[in-house]
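Heads up, there are several structures right after this.
First chain A sits with chain B, and in the next complex the same chain sits with chain C.
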Partner chain A sequence: MRLEDAPPRRRITLTVDDREVTVAEGSTLLDALKQLAVDTPTLCWAENLTPVNVCRVCVVELEGARTLVPSCSRKAEAGMKIRTDSERVRTSRRTVLELLASTVDTSAAASLQAFSARYGADPQRYGAQGAPHGPRDAARPGHHAVTSGAEAEGVAQPVKVDNDLYVRDYAKCILCFKCVEACGTDAQATFAIAVAGRGFEARISTEFDVALPESACVYCGNCVGVCPTGALMFTQEHSLRAEGQWRPEAQHETDTVCPYCGVGCVLRLHVQDDTIVKVSSPVESTVTHGNLCVKGRFGFGHVVKLRRNKREAVG
Partner chain B sequence: MVLWGSNAREAHPIFFHHVLKAIRRGAKLVVVDPRRTASAAWADTWLSVKIGADIALANAMAHTLIAEGLYDKAFVEAACEGFEALKAHLAGYSPEAMAPVCGVDAETIRQVARRYAQADRAMICWTLGITEHHNAVDNVLSLINLGLLTGHVGRWGSGLNPLRGQNNVQGGGDMGALPHKLPGFQDVEDPVVRARYEALWGASIPAKKGMTLTEMFEAMGVGALKGLYVLGENPAQSEADGGHAQARLKKLDFMVVQDIVFTKTAEMADVVLPARAAWCESEGTVTNSERRVQRVRRALTGPEGARDDLEILGALAARLGHPLGPLTAEALWDEMRTHSPMHHGMSYARLEAEGGLQWPCPDDAHPGTPFLHGRLWERPLRSPRARLSITHDAPPVEALTPEYPWRLTTGRRLDAYNTGVQTGPLRSPLWRETTVDMHPDDAAGAGFADRTPVTVRSRRGAVVAPVRYDPSLPRGVVFMTFHDPDAVDTNTLTIDVTDPRSGTAEFKAAAVAIAALSHSDAAE
Partner chain C sequence: MDLRPLRDAPSPEERDAIDAALGAPAAPPTPLALGAAEALRPQLLSALHAAQSRVGWVSRGALGYIAERLHMPPAEAYGVASFYALFSLTPRAERVAHVCDDVACKARGADALAAALEAALGPAGESTQGIGWHRSPCLGLCDRAPGVLVQCAGATPLEAALGEARPDVVLEALRRREVPAEPPTVIHQPREGLRLLQRVGVADPTQLDAYRAHGGFLALRRALTLGPAAVVRELSDSKLAGRGGAAFPTARKWQAVAAQPARPHYVVCNADESEPGTFKDRVLLEDDPFAVIEAVAIAAFAVGAEEGIVYLRAEYPRAYTRLTEAIAQCEARGYLGDNVLGRGVRLRVRVARGAGAYICGEETALLNSLEGKRGEPRSKPPFPVEVGYLGKPTAMNNVETLVAVLEILREGGEAFARRGTPQSTGTKLFCLSGHIARPGVYEVPFGTKLSALVALAGGVTAGRRVGAVLLGGAAGVFIGPDELDLALSLEDARAAGATLGSGVVMVLDDTTPLLPYLRRMAAFFRDESCGQCVPCRVGTVRVEELLSRVARKKPLDSWAAETERLEALAQTMCDASICGLGQTATSALSSALARFEILPKDEPSP
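== the complex of A and B ==
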């Protein structure tokens, strides 16, 4: 709907940390916090996805409410009084981050690490991360083994490398659900992945845990684009990291337009050593909303360094 | 939303994301395509039109709109012309009469026509399934009739949209890379326009329009065109009737190819000018399907020895005795927009700040134009009426015969692009070799097991490829892609009969014979 066709929205005023803020009706608390430039941690939220409020790091205190509320999905209401940095909020956010980091490999999760530092999270207080009980993909609902409690139970499992374009390392997965949304109803509508299992054994999987080439996956990479922890990673980045050659500080980003069909998707080229090492798209692009297809995301092989006089050189 | 002759789910995937959003909000999708494509899988209604019978279907819909009084009488009276003639012409296009021609039953034709007419907003989008036919222009005109009759034009959320197949095919036309236009679609045969550009450029411009690509190839065939300068195109593999096209290229006295990779066409050239990739090794703009001009930027140095297109053309102009001085993309753009009214307001600064702008954008304060033809809703109408067109159903040029009994049509797959020059290096897990896709009953009836190698032969040439069973195809139709011409040169089979007005060849309909692989074929 065009802006001028949209019904006018009422403006409502609420209070955040003793400051008044006015937003359009239908806005979330997070929208209001952004308007006030209150830096709020999020993991499962993304501008181009429907909020699922599963990670709980964005919680805030709402006066009169029994529990903390997730700011990413709770709609703003007139007269609300919000606290974003109370002891209760800080404790809750810290605990969530500690639980995640005690269970999951967060080594490639830059934002989660930054939030942990901000809130002084100490995942070690749950003990060292223990080994998982057998292959997680074989876990059956309700068959969770009881542990000694001496160590923190982990979700480690081998890295899944079953195609040339991206790698799945679910030891790094915090089950934020973004990839499922991007693959499903929020962007791609391919539905190649979903949550399998229940409780602690819940994990992201293809149907019957088949390898990606046997799944419905069409390699748009939009799941990788939204992953906040590096559980999903483009093969090129994964390889460079393994070689110790992934150097974000030596990379620059340039926005251009995809060379393929006439839709005109904005490509953000991540370049290191004069070579494209990753392709994304800015979420604010009205053409892409941050999403791409397999050609735009991966189809830059014709300009890699080896490209020269013969096509065979890059084959 | 009607997708007509378009498999946007695979060919325009991110456009289709927007369609999917609309579907989730309750929009209805009708897909008109002989194949039950990945796009058709999302449709409320899929019309498996017979190949080349689009006018029969569209005219039967238009007949229904008029016969049932569903057309927008006020709009047609106020803003269109030619209604009475169209009405009389369409008398012979009843759904009953057209059902056997187009392969869609009469009641379905009526229902789709009613839903299209009664929708609050409705849009028809098409691609090459409409335009790669010998009567491409009539195909488009028959769809325009539907939009005009119902008033689904010139309003937000409605309209008639060709989905552009290449990232700057729109921009190329906008900039005057057409034989009859100067930038901004200004007519080259208009002396006033020409005089302005001659003064600007200090050179004379031919007073007559040039040749289309198709006309150039015809001229090569008769020896009237002896030299060719090819920029960023691979006609040796992309032209219909590829064998014929290559023979014509070989007759040239001199050919220059300027490209970012060493294509099949480059192999035939006298001089090859290695260029930088326009989309990531150069500065400039491209224009997408929604007329949005967006910036492309240089992210990579580019290979040693390769030069920017501008630099090459500038150097060439200097050698030809017309030095242009140092050229930058922005300076050229500013010159262009000074003289093209529809681009006036599009400075680089605005394009960058506003995420691109849609033309027309006549001045610095203009926000750009999200949809065209709003003028048709001005009352009283202050501009020319929109013309309703008389179009005649005409089957594909190459009829099926006992000798060539199968209807070959071609198209794209998701993970590949045209002749594969750019997507060749993409290590896609979805990649499949080129196959001869047939309905399983057709293939089994002809005695071909799945994956049997066969020879596909048209009047122009033959290729060898394995059969692939594909139940999404209608009976009698064979589908092939053209993405891997080094292995299977599908365009050897296609027919280069073209629409005289658009110059586009009938890639979508050839007649072929299919036979089990003989020993002599295998030895080739």
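== the complex of A and C ==
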């Protein structure tokens, strides 16, 4: 639909922390909070994905509601009265962050760490993180081994390395569903991965956990692009991190246009030591909405090689 | 979307079984119209059931073939199949016994039964010459505890429930692929005044004419004569509240669906009764299936739907057989079909089976399951009355609620409302189990004292006294022996900080320690959490771990800190979980902590 064809939307007014805010009908509470510049933590929400409201760190208090409500998906209604920093809200946000930290490896999850600091979340609150009670990919729904409780059961497991382009370290996965959405209906329509299993044993998986080359994966890397915790990581970044050579502070970003086809996708080159170490696309790009294909995402080897050849020729 | 199929092929047996469930494939394969794949999806669970009941598990070949037939990505089919406890994606014994070790069966010998099977067959989950056993959450056989569900795969698969199960009988049944017939349901209370249970044990549940001879289809006739609006009016006069646990006014729900402009409308009967200790709906489904069908038809007529779906938990094989046979008889005799009772009304009813997931009793999870998806609750609003099955307005009611509608139409809404209390009208079914003389379903008017109900069931097992009563199920509350004076109505329960939930009254005697039951319930919620939201997915694990520490008398730090930890968990799970499962998962535990001495009193020495 062209912009001018869209029907006009009603404006509605609600109250957030005693401040009035007016938004277009159909907006979410998070939209309203953004308008008021209320900094709200989110993990499973992304601008270019359908809200799944599963992480629950964005919950707010809605007057008259029995429970807290997720601001990322709850539609704003006229007259709503919202509290974003009440004791109830803070307790839930803190506990959710503590529960995640007790379960997964958060070492590469910058935003989660920042939220934890903000809400005073103690990652050790439930004890030291322990191993899963069995191999996660073989878990049967509805059955588990009861543990002693001395440690907090976690999701530690070996990193999955089955292709040259990206690795899957599900010990870092908070199950935000973003990769599944990016692989499926929200971006790529490839459906190589889905949520499998149930409860604590729920996990992101291909069919029967087959390796990616046997799956429908097309290596667009859009799942990696949306992952908030580093569970999905480009191989290059993963190797550099392993060598202690990943230095975000020493990187600069350059936007350019993908050379491969006529669509004109914006590429954001992340450059460290004069070498491209990662390619992304800005989510605000009207062409890509943050998504790329395998060529734009991974097809930069020739640039690196060309520069090296040039340097060698000159040197 | 380019689908990449699994490379493994199904065996001929698997292929035939899947084709029998889905219909023969078109030859040559025809491309699908846009959006047509979505329409195939609701058949996923029945195809998985077909494959599994043929060979005992869902192999790669079978799953791949199902995904191909339904034009869906194999990863998604795997994601759905791996959600449900009754599907096995790894080779499993062809003949298995699912042994209920949940709270009500635990109170009546489940642990001993499991130990005997372990001695005979090895650890749970293993296969000995094609025979194995598993532990199971509540099978709804609490009145005949301990209960077992036997599944034998093959060309003529066998699925049957076994009550008061003895190890030798279970083993013999597995070896011979034959289960002794379950005795008919016994009603232990005087028959006068029975309304919801009036035909149970009296009318032959397999014969339509027996149903008619006991007042069957009078309500449907009356409804067709009154018209949809007047049916809802009667319901409104009756003040009927939903019997599934939430007690929502039924008339308001039906009115809301009827008023929706979007078409078609659907009616769904929630027969996924899985709340531990609940078996009242099973009794109605097995012993009065025509009543359930008649009530679904009335609901469909009242809300402007032509299709009613009974979502039945797969653990109720007898109910499945009875319902499907009853539907066939109703169709043959014109009580269902394109011209119901010659009044030009079109009504169809079908049965869809779950596959082992408590969460699918939650209405939006149930809808997803019906659509062939993982049973993950949806975010509300929108509510199913607006956006329900396949995105259309849907009226969903519990089995008992629907059967109560028949009474309302027979005697009128006002007459119905005179029974019970002013705010909780009518009679209610209660499921008495545990340490009670005569476990079973009892029907009493709302407002009956709990002590009177326990007395009606013969009181506590001889020589003992009440120690605790679990009211409302695992998502309910424990109350103490000094609270038996409670009047069983919605308002009295609410005032007492309790809930009637799904009608569970599980009695534990005064010699029974509560902690093992609390741990079983914590394990239950951990197993049954869908895994979507963090508070429930991780919170249920942390609660169980905390109770393990209580059992070992080893706090992480101090009992005071453990108490604070539990309070933060309970508050967050109540406040921030998506659905009722997470929101109520600590309810029984909190009530027990408030009333009984559960946590050790002495702090560990530093």
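By definition in this document, the second predicted complex is superposed on the first by the 304 of 315 C-alpha atoms of A that agree within 3 Å, B and C clash if a C-alpha of one lies under 4 Å from a C-alpha of the other, contacts with A are read in each partner's own complex, and residues count from 1 in each chain.
Convention: a contact is a pair of C-beta atoms (placed from the backbone, for glycine too) under 8 Å apart; a residue touches a chain by one contact, two chains touch by 3 or more.
Here the structure is a predicted model, which is why all the values come from computation and not from measurement.
After superposition on chain A, the partners chain B and chain C are accommodated together without colliding. With both structures placed on the common chain, the touch criterion links A:Y126 to chain C but leaves chain B unconnected.
When the two structures are aligned on the shared chain, A:A138 is found in touch with chain C, with no touch to chain B.
In the overlay built on the shared chain, the residue A:D164 is in contact with chain B alone; chain C does not reach it. In the superposition on chain A, A:V303 makes contact with chain B only, not with chain C.
Of the two partner chains, chain C is the only one that A:R56 touches; chain B does not reach it. Contact with chain B, but none with chain C, is seen for A:C265 once the two complexes are overlaid on the shared chain. Of the two partner chains placed by the overlay, chain B and chain C both lie in contact with A:A189.
In the superposed model, the vertex angle chain B-chain A-chain C (Cα centres) comes to 110 degrees (nearest 10).
Once the two complexes are overlaid on the shared chain, A:R9 sits clear of chain B and of chain C alike. Contact with neither chain B nor chain C is seen for A:R19 once the two complexes are overlaid on the shared chain. After the two structures are overlaid on chain A, the closest C-alpha atoms of chain B and chain C sit 5 Å apart. Residues common to the contacts of chain A with chain B and with chain C across the two structures: 189. By the touch criterion stated above, chain A contacts chain C in their complex at residues 52-57, 59, 67-68, 70, 73-75, 88, 91-92, 94-96, 99-100, 102-103, 125-127, 138, 140-144, 146-150, 152-153, 174-175, 184, 189-202, 205-208, 210, 214-216. Those residues of chain B that touch chain A in the shared complex are 11-15, 17, 20, 24, 42, 156-157, 163-167, 169-170, 260-263, 274, 277-281, 286-290, 292, 294-303, 355-356, 370, 414-417, 421-430. Partner chain B is touched in their complex by these residues of chain A: 2, 5, 163-165, 185, 187-189, 212-213, 217-220, 252, 254-267, 269, 271, 274-276, 284-289, 291-296, 298-305, 307-311, 314-315.
Of all residues in chain C, those touching chain A in their complex are 1-4, 6-7, 60, 63-64, 67, 73-79, 82-85, 88-90, 125, 134-137, 356-357, 374, 379, 381, 519, 523, 526-535, 537-542, 544-549, 552, 554, 556, 565, 568-569, 571-572, 574-578, 583.
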